[in-house]
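In what follows, structures are represented as structure tokens.
Shared between the two complexes below is subunit A, which pairs with subunit B and subunit C, respectively.
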Partner chain A sequence: MKALVVKDLHKSFGNVRAVVGFTLEMEEGEFVTLLGPSGCGKTTVLRTVAGFEKADKGEIYIFGKLSNDIPPEKRDVGMVFQNYALFPNMTVAQNIAFSMMIRKEPQDKIKKRVGELLELVQLSGLENRYPHQLSGGQMQRVALARALAKNPKILLLDEPLSALDAKVRQQLRGEIRKLQMKLGITTLFVTHDQEEALTMSDRIVVMKDGVIQQIGSPRQIYDDPINPFVAHFVGTSSFLEGEMLDGKIFIWKDERFEVRKSKVKNGKALMVLRPTHLKMVKDEENVPDGSNVMKGRVSLVTFLGSVVRVHVMIKEEEILVEMPSEDFWGFKEGDEVIVYFSPDFPLVFPKEQNIQ
Partner chain B sequence: MSLRRRERLTGWVFALPSLITLGAVIAVPLGFSLSVSFFAYTFINPSFSVFLGFENYMNAFSDPYFWNSLWVTLKFVVLVVSIEFTLGFIVALMLNRDIRFKGVYYTILTMPMVMSPVAVGLIWKMLLHPDLGVLNYFLGLIGIEPINWLGDPTMAFWSVLMVDVWQQISFMILLLLAGLVSLPKEPFEAATIDGASEFQKLFYITIPLMKPVILAAVVIRTIFAFRTYDLIYVLTRGGPGVSTDVLSYFIYRKTFMGLNLAEAAATSYVLLGVVLLLVVFMFKIITSERKVVG
Partner chain C sequence: MREKILKIIFWLAVLYVIVPIMMPIIYSFSEAWTGLIPKGFTLDWYKIIFSNPNYQPSLILSLFVASSATLLNIVLTVPAAYAVNRLRGKLAIFLEDTFKILPLIFPPLIVGLGLLQAFTSPPLAISGTTTAVIIAHALLGLPFMFRNVYASLKTIDERTLSEAASSLGANLWQRMRYVIIPNIIPGILSGSLLVFAISFGEFEVTSMVAGFGSQTLPLILFQEMRNNFRIASAITAILVYVSLTAFMIIVYIGSKVQKGYKV
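This part shows the complex of A and B:
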């Protein structure tokens, strides 16, 4: 049985169409991320699944049960909010115990469960602190423990990491994922951060203007974006505007590139080049046979830690090339270079598809 | 002259006009009445020639009418503030949801607040008139004997109380409503998912989150309630007898009927002391509250 099925969900606020025809099926134990720019309807989908918003049209099934008219507290979902939403007047332990206290469970059982949960989110010893005595990361762990306290069947997380600083965010990212796998809990996660989506998810749902653009594994989304928007939103890319010939040759300015993956046969087209797909050398002798070759001049070199990103000006367009730091051997701004790529890599889309 | 000092000087120059004005209208009268309260200063002999020390204060404390007024005032303040708060909170909670005609309710609520207490007093005096008042007329229709709203010593106190609540409750409602509207909605949703009922949400979330607003509203209303004067003046003049003789009206009587300016000044300072004590006490509660994280 599917853990969650959302079928043709529509939701408008006044004349804002927040979600349009959203359909998604989730397996039990799966971690699915809704990814898209701010305002694309991610939160609305999540809140409709939680039961805080009523669908204009469409169905929501939670473990096979049609849930459109079931109130939030009866849906068996746990939710973590972006701004923690802890009860400021209650201690960590009281926050976590809230749902159990509401259900009037026996004190010793509550105490035991709170202890387990604190251990799970690595906060043992902080049970008597108040939220204002915790760091952002700790507060979000408490929120997570509170959401898990009643053993929900589905966990909903709405940008739980976006209010935290980079270091904590990265750490918690891994922890949430490990915890989710350990508990095997079906999780629907919302973020606008592509890196978060790529690192945490089993599958990613990319959305734009309330419409699903693509559903797929992180690898599929990154390697095989379905349109320029997805290519632009997930990962870094350079875009070249040109023309396709016979579905094989991409003409850009006075260059001709051989390509193998084109969605266009003839006519105006947009080529997507990932920085990692491009290679860069000083002399033409080092270019493998069959590569597409461009000449350019280095305009900027930025060091990103594990990789070096080089901005190359080619025919008045800036194209990004990335290479592992250890393979970087000292290009400088102003160097004349040769950039090449295999015909297997670039994707070509019809021109009318916009990246924004 | 360093930049820092020059900036500070500029600050003082800008603040000076308002400081002078404030000093002239607040500090001077306050200081003057404080010194009056230590001398035999009356309208007949307005001079600082005879220093009495605390004699004016002693006289006030030994006056049984002073103690009556203090008691009436405390009773009045505690009752109006608690009634206004309880009713006001309920109304504010009712208005803080998706209902139709919100604008209409707000307009109705604001009306008594913008009316002058003297006008309110006069209107209610007509409504409460034992023979001509519309209130007794309606009571008569359902077979209830006319009530002497303002003429009966016990009834008069409650009537004044009711009129004050009628006029001042809007302030309480609007203040509390402003607080309710600005509460974050996520804690409520988190509690909803956890299965909390509306009542549980009220006690576990709304009231704790509203504490600072509640205390501010109660403090402000307490201070204002101590100063209630115009309503009493119009409705009962402290009577019948001294049953509605609140301290501010008592002081007025001492000054302009008893012409005993010095003792009135001393009593004013006692009133000020009582209010200050209460406010300090309430502020202690506020500041001992933990900081609420939004």
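This part shows the complex of A and C:
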């Protein structure tokens, strides 16, 4: 049985169509991320699954049970909110035990479970603190423990890391994923952060203007984006506007590139170049045969830690090239360089598909 | 230098607030006050008040009216603030302004006249009764309660807290009982204090809608000011004591209600 089935979901707020024909099936234990810019409808989908919004059209099945008309308090889902939403009048233990208190479970059972959950989110010893005495990361751990306390069949995470510092965010990202795999809990995660999506998910659903653009594994989404929007939103890319000839040659300004993966045969087209697909050298001799070659001038070198990103001006366009830091050998701003790429890498899309 | 001037201004402001309150209290304990410093210490004025059968009922009445007006106000305003907080768009802004500002714009005289009109004709021919006074006071205090409760609801992000609670299985009643009310109680209490104090000291509107059977303490005070200024001072002092006591009780209740549940 599918853990979650959302079938042809539609939802509008006034004149704004927030979600249009959203369909998704989730396997039990799967971690699926809804990814997109703000206003793309991802949060609306999550809130409809939680029961906070009513679908205009379409069905939601939670473990086979049609749930459209089940109020949120009766749904078998746990939710974690962006701003934690801890109850300020309650201690950590009271917050976590809330769902068990509502269900009138016996005190000793509650105590035991709260202890287990605190251990699970590594907050043992903080049970008597109040939310305002905790850091952001700790608050979100409490919120996670609280959502897990009722043993929900599906865990819903609404941008749970957005309000946290970069360092805590990265750490918690890994912890949530490990926890999710350990418990095997089906999880629907909403974020606008492509890095979170890529690192945490089994599958990613990329959305734009309420419409699903692409569903796939992180690898598929990154390596094989279905349109320029996905390519632009997930990962970094340079875009070249040009023309396709016979589905084999991409003409950009007065350059001609050989390409193997084009969705256009003839006519105006958009080429996507990932910075990692491009290589950079000083002399033409070092370029392998069969590569597409461009000449340019380095305009900026940025050191990103494990990689170095070089901005190269080629025919008044800025193109990004990335290489591992250890392979970087002292290009400087102003250097004349040769940039080349294999015909296997770039994707070419029809021009009418916009990247925004 | 600048700091010094600011300090002086601050203390002048404090005096400006405290002196008018302290004067009648000091006056109510003194035998005579002709020069700059009051003379002697006496409890006579209070003895007179508590032995005179005219004053005691009006004190009790005032307490009853103020408590009832506060309760009525809570019952009306908390749900109203909750509802307005849940609304979206222009209607919400309009209602928010209505509750917050409108009752403050109209002078009490106008409110009194309006109430008088409403209370003299059926179906609400209750003019002169204690009920009329309670309703009038509850109305006068409404914007103050609304502001406080509404601000609390906004501060705690009531919507999200309610959603969190409902996703944890709490129904509307449980959400109110365990989450919303305990977290807006500071707002309700400070609102209550204001409503209570307004009601307890209210004169203008009360003088219009009250009858012989509903003479509250301020009404008696007004009469007494012409007869015996010393007794009037003692009555004023009592008004201050009661308001302070109410304040302390409310703070105490607040600290009790806000606690979570037992784990």
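Definition applied: the second predicted complex is superposed on the first by the 356 of 356 C-alpha atoms of A that agree within 3 Å, B and C clash if a C-alpha of one lies under 4 Å from a C-alpha of the other, contacts with A are read in each partner's own complex, and residues count from 1 in each chain.
The criterion applied here is as follows: contacts are C-beta pairs under 8 Å (C-beta built on N, C-alpha and C of every residue); 3 or more make two chains touch, one makes a residue touch a chain.
Everything numeric here is computed off the predicted structure, so don't read it as measured data.
Three-chain overlay on subunit A, with subunit B and subunit C in a clash.
Applying the stated contact rule after C-alpha superposition, one finds that A:Lys111 touches subunit C and leaves subunit B untouched.
By the touch criterion defined above, A:Ser38 lies against neither subunit B nor subunit C after alignment on the C-alpha atoms of chain A.
In the overlay built on the shared chain, the residue A:Glu73 is in contact with subunit B and with subunit C. In the superposition on chain A, A:Asn15 contacts neither subunit B nor subunit C.
Within the superposed three-chain model, A:Ala93 lies in touch with subunit C and out of touch with subunit B [touch as defined at top].
In the superposed model, A:Ser306 lies in contact with neither subunit B nor subunit C. By the touch criterion stated above, A:Ala85 is placed in contact with subunit B and with subunit C alike. In the superposition on the C-alpha atoms of chain A, the part of subunit A touched by subunit B in one complex and by subunit C in the other spans residues 50, 52, 71-73, 77-79, 81, 83, 85-90, 98-99, 102-103, 146-147, 149-150.
Touching subunit C in their complex are the following residues of subunit A: 50-52, 71-75, 77-79, 81, 83, 85-91, 93-94, 97-99, 101-103, 107, 110-111, 114, 146-147, 149-150.
For subunit A in complex with subunit B, the residues that touch the partner chain are 50, 52, 71-73, 77-79, 81, 83-90, 98-99, 102-103, 130-132, 143, 146-147, 149-150.
The touching residues of subunit C, counted against subunit A in their complex, run 156-157, 160-161, 163-171, 174, 178-179, 182-183, 258-261, 263. Those residues of subunit B that touch subunit A in the complex are listed here as 184, 186-187, 189-196, 200, 204-205, 208-209, 290-294.
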